[in-house]
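First comes the structure, then the notes that go with it.
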Amino acid sequence: MSKERKKICIVLTARGNYAKMKSVISALDATNQCELTILVGGSVVLDRYGKLLDDPNVDPLVIQHKIHFLVEGETPLTMAKSAGLAVSEFATAFENTKPDIILVIADRYESLAIAMAATYMNIAVAHVEGGEISGSIDESIRHAITKLAHLHFPATKDAAERIIRMGEEPDSVFCVGSTSIDVLADLDLSNLSAIHDYQKTHGVGPAIPLVSGKYLIVAQHPVTTEYEQNYRNVQEIASTISELQLPTIWLWPNMDAGSDGVSKAIRELRENMRPDHIHFFKSLPIELFGPLMKNAGCIVGNSSSGIREASFLGLPSVNVGSRQNGRERGENVIDVACEKRVIRQAISKQLEHGHYRPATIYGDGAAGTAIARTLLDAEITQQKTVTY
Amino acid sequence: MSKERKKICIVLTARGNYAKMKSVISALDATNQCELTILVGGSVVLDRYGKLLDDPNVDPLVIQHKIHFLVEGETPLTMAKSAGLAVSEFATAFENTKPDIILVIADRYESLAIAMAATYMNIAVAHVEGGEISGSIDESIRHAITKLAHLHFPATKDAAERIIRMGEEPDSVFCVGSTSIDVLADLDLSNLSAIHDYQKTHGVGPAIPLVSGKYLIVAQHPVTTEYEQNYRNVQEIASTISELQLPTIWLWPNMDAGSDGVSKAIRELRENMRPDHIHFFKSLPIELFGPLMKNAGCIVGNSSSGIREASFLGLPSVNVGSRQNGRERGENVIDVACEKRVIRQAISKQLEHGHYRPATIYGDGAAGTAIARTLLDAEITQQKTVTY
Amino acid sequence: MSKERKKICIVLTARGNYAKMKSVISALDATNQCELTILVGGSVVLDRYGKLLDDPNVDPLVIQHKIHFLVEGETPLTMAKSAGLAVSEFATAFENTKPDIILVIADRYESLAIAMAATYMNIAVAHVEGGEISGSIDESIRHAITKLAHLHFPATKDAAERIIRMGEEPDSVFCVGSTSIDVLADLDLSNLSAIHDYQKTHGVGPAIPLVSGKYLIVAQHPVTTEYEQNYRNVQEIASTISELQLPTIWLWPNMDAGSDGVSKAIRELRENMRPDHIHFFKSLPIELFGPLMKNAGCIVGNSSSGIREASFLGLPSVNVGSRQNGRERGENVIDVACEKRVIRQAISKQLEHGHYRPATIYGDGAAGTAIARTLLDAEITQQKTVTY
Amino acid sequence: MSKERKKICIVLTARGNYAKMKSVISALDATNQCELTILVGGSVVLDRYGKLLDDPNVDPLVIQHKIHFLVEGETPLTMAKSAGLAVSEFATAFENTKPDIILVIADRYESLAIAMAATYMNIAVAHVEGGEISGSIDESIRHAITKLAHLHFPATKDAAERIIRMGEEPDSVFCVGSTSIDVLADLDLSNLSAIHDYQKTHGVGPAIPLVSGKYLIVAQHPVTTEYEQNYRNVQEIASTISELQLPTIWLWPNMDAGSDGVSKAIRELRENMRPDHIHFFKSLPIELFGPLMKNAGCIVGNSSSGIREASFLGLPSVNVGSRQNGRERGENVIDVACEKRVIRQAISKQLEHGHYRPATIYGDGAAGTAIARTLLDAEITQQKTVTY
């Protein structure tokens, strides 16, 4: 056969990205019909966020380039400067690896930067998890990426419909479900002991007493445009969790502008209260996090996990604040303002209720295969135009 | 009065930008109700493109910062790197000047970079000339800016409708017409002698013999994604114009990726043929270019001037190639492929026909005032969401 | 008087910089004969290193620009990228502030970047603490800055002589002593209670029991070119200190490449051993650190404080490893390899010996005044040439 | 054999660099004992400066990376910003290619940037043509590179002695002569017809009438720190050359800050005077330029060619202005101020005198071999210290 194999490039810039791309990578690898390039950058390559690549749960990846684009500061100014650097550094990586198409994820500020670099270099853009609404600046970023993308892989029907209404060619929109669900669907979710092994090998504290339904998970990210409130928000949650005295797994935030505020509040919590029932993790691979979620009593905070993965698992979720506004959700979610009293009430109610029926609004576990197939088959014209 | 005046920032990065912002600047200045910041960058501050700011036809502007972001090379890679640098450098300028809102124009690659920097720094974005379709990569850029923008000032009804259909709040869309038309509407268009004065003071060749209806204007820009064809395209036009032997004003291209190809073809034309009837200009201010257009026999090439300004002036236009695809046009435009034979036929037909009735599809001359008023009155929330 | 006042620019990029520039800033301010610009950047503006500017011991400064140039990663690659960004960002700041002369300090990697930016923009460079030898890559950086600098303010006679031998004009070399000594000379060094107030207001642990001569200070920085050893080095020291069980003040490292290694070892020490007798500080202003040093039993590690300030104070010092190789030192210093046994022996010996006679090899407290006078009086020609 | 081959990296950033590195590259290639990496960047990869790599006289090189670092503007600010970008972009290239040692040339502003990037990444630096004095800001740059370099390959004895006096280890200084002379020594210098072939294939004007001793060469570069004078300087020379009416080969300047001034004056000369006896070239490979120099009547301007190559060839040289101050020179050079009268007198005197005896102060043609041998054999310790 004379045709060269398509060059597909996957970009991982935040620890959550790996779980979202794992099933796509496996599916592409399995076909042996393309040349796969993996670029990693941002927090994924930084020590202080828990390096993704050293994680034994991560399949060995052939990484073409590690890209540093984070300008220290965690302010709006440095977020913009980091984005600028991302454009420039990914452009170099694209020049060196010459992909035909790149896959970007959702709504991170660097994802738009990367899509922009690709667009200007005449590389096609495929967008995973576009079309969602979320009540924060991320939404603008997500839709701007949609307008640069040639292929769309929304996670839900609503999102797919929205992308089409925005003027994207219906034939370029593939409603495949969420790839995070693929990974969950693939796991043995009953295995709770893995986290204890992980704690031992990483030397992070005493074993967490994990009785199904009797522990909490907390993940609270900064809210970019409300940046100064982040500190106060975490304090409300910290105070709630402190009082509940239940075993709790608390995940550090990602490193958007504002994460200093979140980190500071978490550090104060640790240093002042020394709360032995709370176990902090910089990050956890989905292989560990999946079983933990499956068996938790409730997930609290503003992470998308509380909306997406929790719905697939039927995990009771208390969604705090505005960050997930507009996202489709299952019956397992209670939305509350970021105030101690209402957070506490909602947690109690969820613990009483126990698990919900699993829902597939965010996918049924086959998204990766569908995306891989489409990437391989698609014939893409660089120039786009709105449909109206 | 206790309220601080709104800080409005206007960004000029290409020579055409000034004509597009002139009436807005005047109107804002006249109100005395805001603090106006003007940032200039890109080709506007470079010698070899004819510095905008030294031009006597340009009103004295109080420039806050001159911003260099162009990485030499004029390839897709350097376009991406320039965009990355633009993000970073404009972020610094925004940090230093703290605008409440910035105004970006249309669809240039750096306009998206600037809108991105503003978005990440929680500065509102107003977008002039969004919503249009154009059959090139610019269209993707334009729509991506739309998804970041909080206020929209499309030039035509079709564009306004398109923006709303893309999910923008109808109340944020103001169909004001094109600001370039404002400047035209304000000029004494019968004054053809000004160009001769300009030639004298700039030492650029002998006086052009300008008889109304008996000379041509050519402006051919590179077509970003067809980058290697640019050289050939200009050769087709050059050859046509050479044979016609009519007095011709030829404008150098802007400096997108591909302009090296255009420049090379123009230089060869000059050096090999020494065509005395063709007069080359790096750029001309609208004050000179307006009367030249009003009185020309025909405008040829792929500049938007041949679509917009020409329609308001009733100037016969031969639009070459795909660059203006999808733009609304008046009856004054003949679209042709970039082949000598058909270009020549179309020019002959237009010269025979003579001027058309002026049309106001691109505005009636009051866009600047409308934009200024809206910018001053608007109360903007940084977070946006699609309307559906 | 017709002559404009000279514009002098001081750059602070690391927390130690402020103590080194404090007396110069005061002296320049006092003359009222120049326009003083202060630029801050790097770790000085970052939360996680203890923001300099929020420190109540820092005189209120009029900061013209805050400059972010640190690319996250703390590897040799990101050190280089940070240096590149520093060149670009300081160039912008110089363009905006137009200094006649800038003052850079010693041997940090960004200091060379800043001197380079100034050189290329035809701004004169004055160099504080050049001419020293130090047995690490810093020495190359320091001498390269010397070759770009127009005025030299070495701290010792040896250093001054070395600068002249390198071919610098003797008239441009002013042996003024170390400016850090100025600050020490100005302080009430008997005041040990200030640190307790500081602990209270910063919420950092219980009051340290400070009996003169009965506590230790530790400051161990990464050694740039031995980068992977840093972790092991700190472990040796940590183990020694752990066993001694004396009250100890331990300062976090600065953030050169390799500081991740140092930080990791310190974190492990804290988390695994929970050593109550060790008190960690991100940084301490000289106003607190001076009295602590004056009254300590011994300072341990590889900080220059153990060589310079310790000599002026007569503080017994155990200098560990190669970082300070080649620096002039007083009789108060014992040099040891980074091995637990010898470190421990040396500390014991020093504690037995007690304080030494103060020495002025690093200055007598009037460096700032001398530098200020010279900066104001100097007439500088941008072009330099070697003297031979 | 168990030992890995040394990785040697050669950096070419200006068109003159190739001629300086050609004999080194050949000699290294011939040994087959190292892995050779070639990085090209700056003007070498730009169309408008005559792309080096498309030149048929350039041996086919295996280029690892093309690096874009030039920020448009040609002002001191953009020179600094270009240097900053060079640091960052070369750092990426070093990360990707992992050289053991890099070779930088002389005194260009980006050479210091590249040496800095290498230093921070623990890569050894070898410096060609250090130690010279030149009466401009380049001298500071050159000596700063010396202080970062581990191996020194000065072109003359004076330069070698100067490097040692600056405190460099005598064993690290190898006085090899100039590599440009190697290329000259290798050429058939009687072949004048090659330039006519070149003109034909490049379509640049009618054949130059070249009678030995009866034509001139002009090469005038901008003088960085006198930046606004550049325009006037070229006018003086242009006017002189215009009057002499001798066949003249005029080379365009390199693109330091100030080259806009030079270019403008050259363009005016061309457009206003249309001097048929002057033939302009963007650049000429040494293979063409060598024979042209060998047979010219006189070389005029401030290029180092008029000092170095001219001395080896015995070519009469009129050195204009301060740019080459302090460089060793043979008896073939007359130094003049940049004034028409004295330039003209000096040219006449030189044309009368005719060729001088060749001198070897700048080398005897074996520099490349010596450098290659030393690079292969050297055992380098990253840390340096001054010798006193």
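Brief remarks on what is shown
Labels for the chains are A, B, C and D, by order of writing; each one numbers its residues from 1.
What we mean here is this: a contact is a pair of C-beta atoms (placed from the backbone, for glycine too) under 8 Å apart; a residue touches a chain by one contact, two chains touch by 3 or more.
Since this is a predicted model, take the numbers as computed values, not measurements.
Comparing the centres of all chains, each the average of its CA atoms, the largest separation from subunit A belongs to D. Set side by side, B-C and B-D show the greater C-beta contact count at B-D.
Per-chain CA centroids place subunit B at a distance of 41 Å from subunit D. Centre-to-centre separation of subunit B and subunit C, using mean CA positions: 52 Å. Within subunit B, the positions touching two or more other chains are listed as 77, 81, 85, 89, 92. The touching residues of subunit A, counted against subunit D in their complex, run 65, 89, 92, 96.
Those residues of subunit C whose C-beta lies close enough to touch subunit A in the complex are 45-48, 68-75, 77-78, 81, 85, 203, 260, 264, 268, 271-272. Against subunit B, the residues of subunit A that register as touching in their complex are 76-77, 79-81, 83-89, 91-92, 94-95, 109, 112-113, 116-117, 119-122, 133, 135-137, 139-141, 143-148, 162, 165-167, 225, 257, 326, 382-386, 388.
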